[in-house]
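Take a look at the structure set out below.
Which chain is which? They are A, B, C, D, E and F, in the order written, and residues in each are numbered from 1.
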Amino acid sequence: MKLIIAIVKPFKLDDVREALVGAGVEGLTVSEVKGYGRQKGQTEIYRGAEYQVNFVPKVKLEAVVDDSAAGKAVEAIKAAAATGKIGDGKIFVLNVEDAVRIRTGESGTAAL
Amino acid sequence: MKLIIAIVKPFKLDDVREALVGAGVEGLTVSEVKGYGRQKGQTEIYRGAEYQVNFVPKVKLEAVVDDSAAGKAVEAIKAAAATGKIGDGKIFVLNVEDAVRIRTGESGTAAL
Amino acid sequence: MKLIIAIVKPFKLDDVREALVGAGVEGLTVSEVKGYGRQKGQTEIYRGAEYQVNFVPKVKLEAVVDDSAAGKAVEAIKAAAATGKIGDGKIFVLNVEDAVRIRTGESGTAAL
Amino acid sequence: MKKSGLQKLAGLALAAMIAGGAFAPAALAQDAAPAAAPAAIEAAPAAEATPAPAVEAAPAPAPAAEEAAKPALDTGDTSWVLTSTALVLMMTIPGLALFYGGMVRRKNVIATVAQSFAITAVISVVWMIAGYSLSFSANGNEGLNKVIGGLGNAFLSGMTMDSTNSLAATIPESVFVMFQMTFAIITPALIAGAYAERMKFSAVLVFTVLWSLFIYAPTAHAVWGGGFLGGAGVLDFAGGTVVHINAGVAGLICALVLGRRKGYGSDNMAPHNLVLTMIGASLLWVGWFGFNAGSAVGSNALAGIAMLNTQVAAAAAAIAWMLIEWFERKKPGMLGLASGAVAGLVAITPAAGFVNPQGALIIGLLGGAGGYFGAVWLKRLLKYDDSLDAFGVHGIAGIIGALLTGVLADPAVNSLGEGASLMTQLYGVAVTIGYASVGTFIILMIVKYTVGLRASEEAEVEGLDLSQHGEALHD
Amino acid sequence: MKKSGLQKLAGLALAAMIAGGAFAPAALAQDAAPAAAPAAIEAAPAAEATPAPAVEAAPAPAPAAEEAAKPALDTGDTSWVLTSTALVLMMTIPGLALFYGGMVRRKNVIATVAQSFAITAVISVVWMIAGYSLSFSANGNEGLNKVIGGLGNAFLSGMTMDSTNSLAATIPESVFVMFQMTFAIITPALIAGAYAERMKFSAVLVFTVLWSLFIYAPTAHAVWGGGFLGGAGVLDFAGGTVVHINAGVAGLICALVLGRRKGYGSDNMAPHNLVLTMIGASLLWVGWFGFNAGSAVGSNALAGIAMLNTQVAAAAAAIAWMLIEWFERKKPGMLGLASGAVAGLVAITPAAGFVNPQGALIIGLLGGAGGYFGAVWLKRLLKYDDSLDAFGVHGIAGIIGALLTGVLADPAVNSLGEGASLMTQLYGVAVTIGYASVGTFIILMIVKYTVGLRASEEAEVEGLDLSQHGEALHD
Amino acid sequence: MKKSGLQKLAGLALAAMIAGGAFAPAALAQDAAPAAAPAAIEAAPAAEATPAPAVEAAPAPAPAAEEAAKPALDTGDTSWVLTSTALVLMMTIPGLALFYGGMVRRKNVIATVAQSFAITAVISVVWMIAGYSLSFSANGNEGLNKVIGGLGNAFLSGMTMDSTNSLAATIPESVFVMFQMTFAIITPALIAGAYAERMKFSAVLVFTVLWSLFIYAPTAHAVWGGGFLGGAGVLDFAGGTVVHINAGVAGLICALVLGRRKGYGSDNMAPHNLVLTMIGASLLWVGWFGFNAGSAVGSNALAGIAMLNTQVAAAAAAIAWMLIEWFERKKPGMLGLASGAVAGLVAITPAAGFVNPQGALIIGLLGGAGGYFGAVWLKRLLKYDDSLDAFGVHGIAGIIGALLTGVLADPAVNSLGEGASLMTQLYGVAVTIGYASVGTFIILMIVKYTVGLRASEEAEVEGLDLSQHGEALHD
């Protein structure tokens, strides 16, 4: 199994979720994160004091999928999340050794 | 070493923490996340406009443990987080290549 | 490629970011998390009712780097995040199988 | 203790009467003075200070003989009571809504503020339909009049552009109706602190309507509207008994009947946003100027001293709570400051127009300490879950204030204070406690077996915001 | 419908006149009574109740013959209008700012509250420079005076420590200027609900200034300041037409011209913080006492009944909305309660000093239901994006209230209500709708082709907080 | 500059006197007029407008000869000052608490609002015990009376239901005590902006008590209570000198003595929630009506013009700040609008009852620009860390307003303005600056070497919420 981590623009979340579901992914977990990269953060000035906010709001999606489904999932994210502008984000793929569904105790691919 | 990622219901957090501590886990890191899965989110209606919130609040626990302790830790989470109802969550196990304790510079299992 | 996960004290975030950038890391992703470990949380008392908050606010940095850059990155974090006091945090290193830059479709090391 | 037993009986009798409309037992007929509630009499000396003589000096628009006796409307008095009405409404929305809303968990904040808001709406209409009449009109039946008003002013019929209520002769009746409405609103809203985070919204509404008609109206009538408590000389300047003890005791019964919140004692139930609570406490404090100084129903030295006493007591109580907390908890908190201030405001309420500022200082210090005792020690001891301490703060501090009014009333401030006595105050307190507890219990039972009282366990875990209102905070 | 067509024409004519300064067509010269707006006449009976006779009885400081006729300033009346001014300002900041601020998405909350705040600042100065004069001074040209005031009081010149406005003879002119200023402030601020989350900040400012001068001032003059609508007997006690229909209709035009927010219908646009909205609605409610009861420009029974009516209608409307929502949506929400209350407050505004409390109850129930209809059904039907329902709530409930005033006015409450007629009210409503829609459209076009109306798509996606103000919430 | 040096000396002398009780050096005995502070004299013309003649016309309740001379209490005046008291209390809690609370970092918000709240409680009691007496009673020793009141009214002894203060003859003394108390409360609360995010809570309390007794009371006495500054003709209608310059300068000294916050210049210290700041600024604005118009201590044209001037100046200053910011920072922000409004309110405070609206417009524009200069340029230049710009806004705008009062006072508005002079105003400003800076410094030293001033570095990093109060925001 693979853990696919995707960091994307927040307003793309729903599109990406739909694309993943379309690609057969049945579950995923999302967190609000702040990203640092080529896309620069903004500067805010309050009463003359300048604060550089180096981070840009992003969302991180994590989905564990069967090895065979990983390629399709990555493609789906890539297609749905792209705007062509800087800051579109990244996808990382990691190996997962085991998965367990807490409710049923199933493990392995059956747990996804 | 293994990284155990568990996504559980928020009100189970304290139970799970206690179970993990009981299983010998000495440190863990928690984040608030939103989950998508079999358990459906809720619909909110404001002045007639319907907003489907597809995500359900969950917490994600991450604990890095010694290879030998991983099985026990997974069992502990499974036992503590289960309610038997849909949405109980998942546990994933990944391999960790190295760990470092920042304060002391220790690395490997000693760092946990 | 390696995924470097670092859990550090929130007020060290900017120092760590700068150190990583100094070490050649070009992108990273940050989340607010709560940590449990040797450093204890605080107790709050409201009208005589005691609530133990077992978790301490931390930030989690995630950076995927080229294998060759991993060691330098870990060192950089270690140096920048240390205060010598309990709660300084941990660094974990995991293997990453693939990376994709959404905007361009590049993959592998080129995507970082 | 024999007397207190008797009074509980009296309370029960009251309940029976209102429910069944039975006649008042002779035992209650303690030669009630003819309906002269405190405020009414104040109006007289107050009027002297106002340019009333002008009326006498103006023979031209010669009014009828009976009208001549009636003091003219006073624009200054009217202005202050209009203002006070706005201030007291502000106490409930947004004041109390925020005070309570900040103390609950995040998942219940919308539901908690919605309770204050909905109670405001519902009671406004109830008051117009029947509440005002039951509280402040005379009941044709003299026996019944000791405990409940008539329905002659139902739907505010009988109120005209020229009419006044005898308790407030220098302001239009509409202004008196409105001012008193805001008291009728805040009282059941205060009870919400006790049942917070677990009562069904429908239950809140039904409970509120019944409680207002069957507990609040008779109590207000008994103390202020010409009933037996005012007649017996019980002093309650602005509602220590009618509002705070009443609501506090009702809250205690609610907490006992509903049982504890799921997870009480194990889950983290820390107040989610003390900034909201601070705003709420502040608006309660500011609004209380209308509550207490407005109860002079005039713009005069009595209003002035009531406001000053209010301020001194609130401040002293905040300091008292802060210091005890500093000692016991090692750190003084914002919640303590806010709670202390509210306890002091509660404690001074019955006394505001009877004591001097030195007396207010004492009442504040003791009220603050008493509130701490109620919310921190007593609750811990007895293990009931009065979520936001409606009883701990309003009940206990209300009792302290009501009793101290009997001790510290200064006739130089208010000639009505001359007859003040601890025993009479105790009598008023005991009757109110007895009546409120029995009556609230009965109403809760009625609600329980009709619409049901408590949200389902699932709903409670999910949070009342989503389960009761389908809404959530998104930030 | 012929009549309504005529009135639209009249509206257009008005627009032309103000823009070009042309003379009023004879068609409009419907023998307007000499400038006697409602409030002015009220002042008379009110004064009788106040110690006015004292003035007659005091021959010593013998005033000139003409002065003798003029009623003296009354400290009580003045006090209440001063207070009302504070209450109405509080309606806009922080009331309306929060009511709206809680309903937008998190990324737009600072921008939304900044709009209310900036509008307050800008209109205050505009009012001082020209707004007051155009609204409430007489225009030397009798024809023009039917539709717009003169510039004799520009920069408040002519106002002295002794002057009064004829509409409010017992209070200093400065107090009347201030009180009316707060109405001029809130009206354009209300429109912001329609263009929320997408209009450029610079456009907001320019639009506001033009709208206030060219739409608000003539309307206020026509209804209250001696113009043709007041002259025709159109009743508007506190601004149902001048404020709410006017702002609601302008909002609708803004929504139509600006188009929908990006993502409307697909993105989650749920209100981000209904606690803020609750605070806002509460402060609007409390502040509305100043709005409606203050419009009696005196401290008397008329103010009393206006306040009472305001409360009853707000409460009834909140209940009505809640019940419909409970039925349709299965759960009653905090947003519904707040929206209902505001709808009721809007609906009672024109009627507050004309109807009795029973009438207020009816207006509240219908106003609440009408607001629900406007904000939920109508918007869904017609698919325009009136972001926060400026038209749905203020427009619709305003129209309901204005029309019902013609039906329910009770001469026992206010003798001016005797002439009340549904047709006259309809006439006032139609003229206002016609004028406001045409005028607003023209102004929007001017703004569009000068500073531009809408924020760039990028700016809208990023959020107005950062894009317009360079600020963000950090918690 | 010789004169200013002299005045600093005078300031030092004052400090010595109060601390040691020494006699006033003859040098200070600049023939002070017998205690007639501005407000007192206003009361006279105001009274004329009120139905005072009625008293003369009413021979029946024949008062003693001396009483006949005394103007009667006026319910309208009383009503407005009661209302104003509520408004000014609301400025501090929750107004200032939120204004400041929104500007700090999230970890310090509870501590920041707790400071305002605790200061309110503590000063209320201090004022009752000694503050009022030291400020507004006459000192038996004529020399001392120039700089400090006596203790004859300590614990408010001597105040009766009939007594009045000579500065406010038409309202009960209790009302005057309360009204002035709210000024005594807000002044030290304002200073908190300078030491925010780093001062220990215990230090805040001790500092506040000492500062109120040793700096505020003498200043209030010197300007309003019959002391040498009022005697010298220094005009300060509502506290530009006594409240704002005083607090602003004290804040600067605090900032200098405490040093910068840890991380100043490198850490992100952006305001965490500008919605809270907007609420705070709005309530300050609305409450300021009580502050300035209430300072007429009557309900008359003077109150009216003061309110109008307040509004115009606040609005003009918000616009001025916004425009400068738009130019310099490219985007106008909510914080700028709020800061500008507050700067304008500060600037108009000394002038509110002396200038005409055109003058207020000028004061507002300059006050807003001056505040921008103080908070943005001056702070950047001099590198002190006045966390929330207590000095930048209150100090600078206060000075501008005080000086412009001397230039723009219009005798047609207030006959007292006739003697207005820039030099006299400068004298008042200089003495206040001198006295406040030296006195504050001494008090800070006392606190430093007793309870300690600054929270530990660890506590500062953790945040004052947890470290000082053991509480946290949970949302």
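Just a few scattered comments:
Please note the rule applied: a residue touches a chain if its C-beta (ideal position, glycine included) is under 8 Å from a C-beta of that chain, and two chains touch if they have at least 3 such contacts.
Values in this document were obtained by computation on a predicted structure and should not be read as measured data.
Under the contact definition stated at the top, the chains bordering both chain B and chain C are A, D.
Note on A-E: its contact pairs, compared by residue number with those of B-D, C-D or A-F, agree for more than half at B-D. Just to note, of C-D and B-D, the chains joined by more C-beta pairs in contact are C-D. Chain centres here are Cα means. That of chain B falls 54 Å from that of chain E.
Rounded to whole angstrom, the centroid-to-centroid distance between chain C and chain F, based on C-alpha atoms, equals 48 Å.
One finds 35 Å separating the Cα centroids of chain D and chain F.
In chain B, 14, 31, 44-46, 53, 94-95 are the positions where the chain touches two or more neighbouring chains simultaneously. Counting partner chains per residue, chain E shows two or more touched chains at residues 51, 54, 57, 74-77, 79-80, 83, 270-271, 279, 299, 329, 333, 335, 470-473. Pairwise chain contacts in this structure: A-B, A-C, A-E, A-F, B-C, B-D, B-E, C-D, C-F, D-E, D-F, E-F. Of all residues in chain D, only 263, 266-267, 461, 466, 470-472 touch chain B in the complex they form.
For chain C in complex with chain F, the touching residues are 11, 14, 42-46, 53. Note for the complex: chain A touches chain F at residues 44-49, 51-53. The residues of chain A lying in touch with chain C in their complex are 2, 6-8, 31-38, 54-55, 58, 60, 74, 77-78, 81-95. Across the complex, chain F is touched by residues 48-51, 53-54, 56-57, 74-77, 79-80, 83, 87, 105-106, 270-275, 278-279, 281-283, 285-286, 289-290, 293, 298-305, 307-308, 311-312, 314-316, 318-319, 322, 329-335, 337-338, 340-341, 356-358, 361, 412-413, 473 of chain D.
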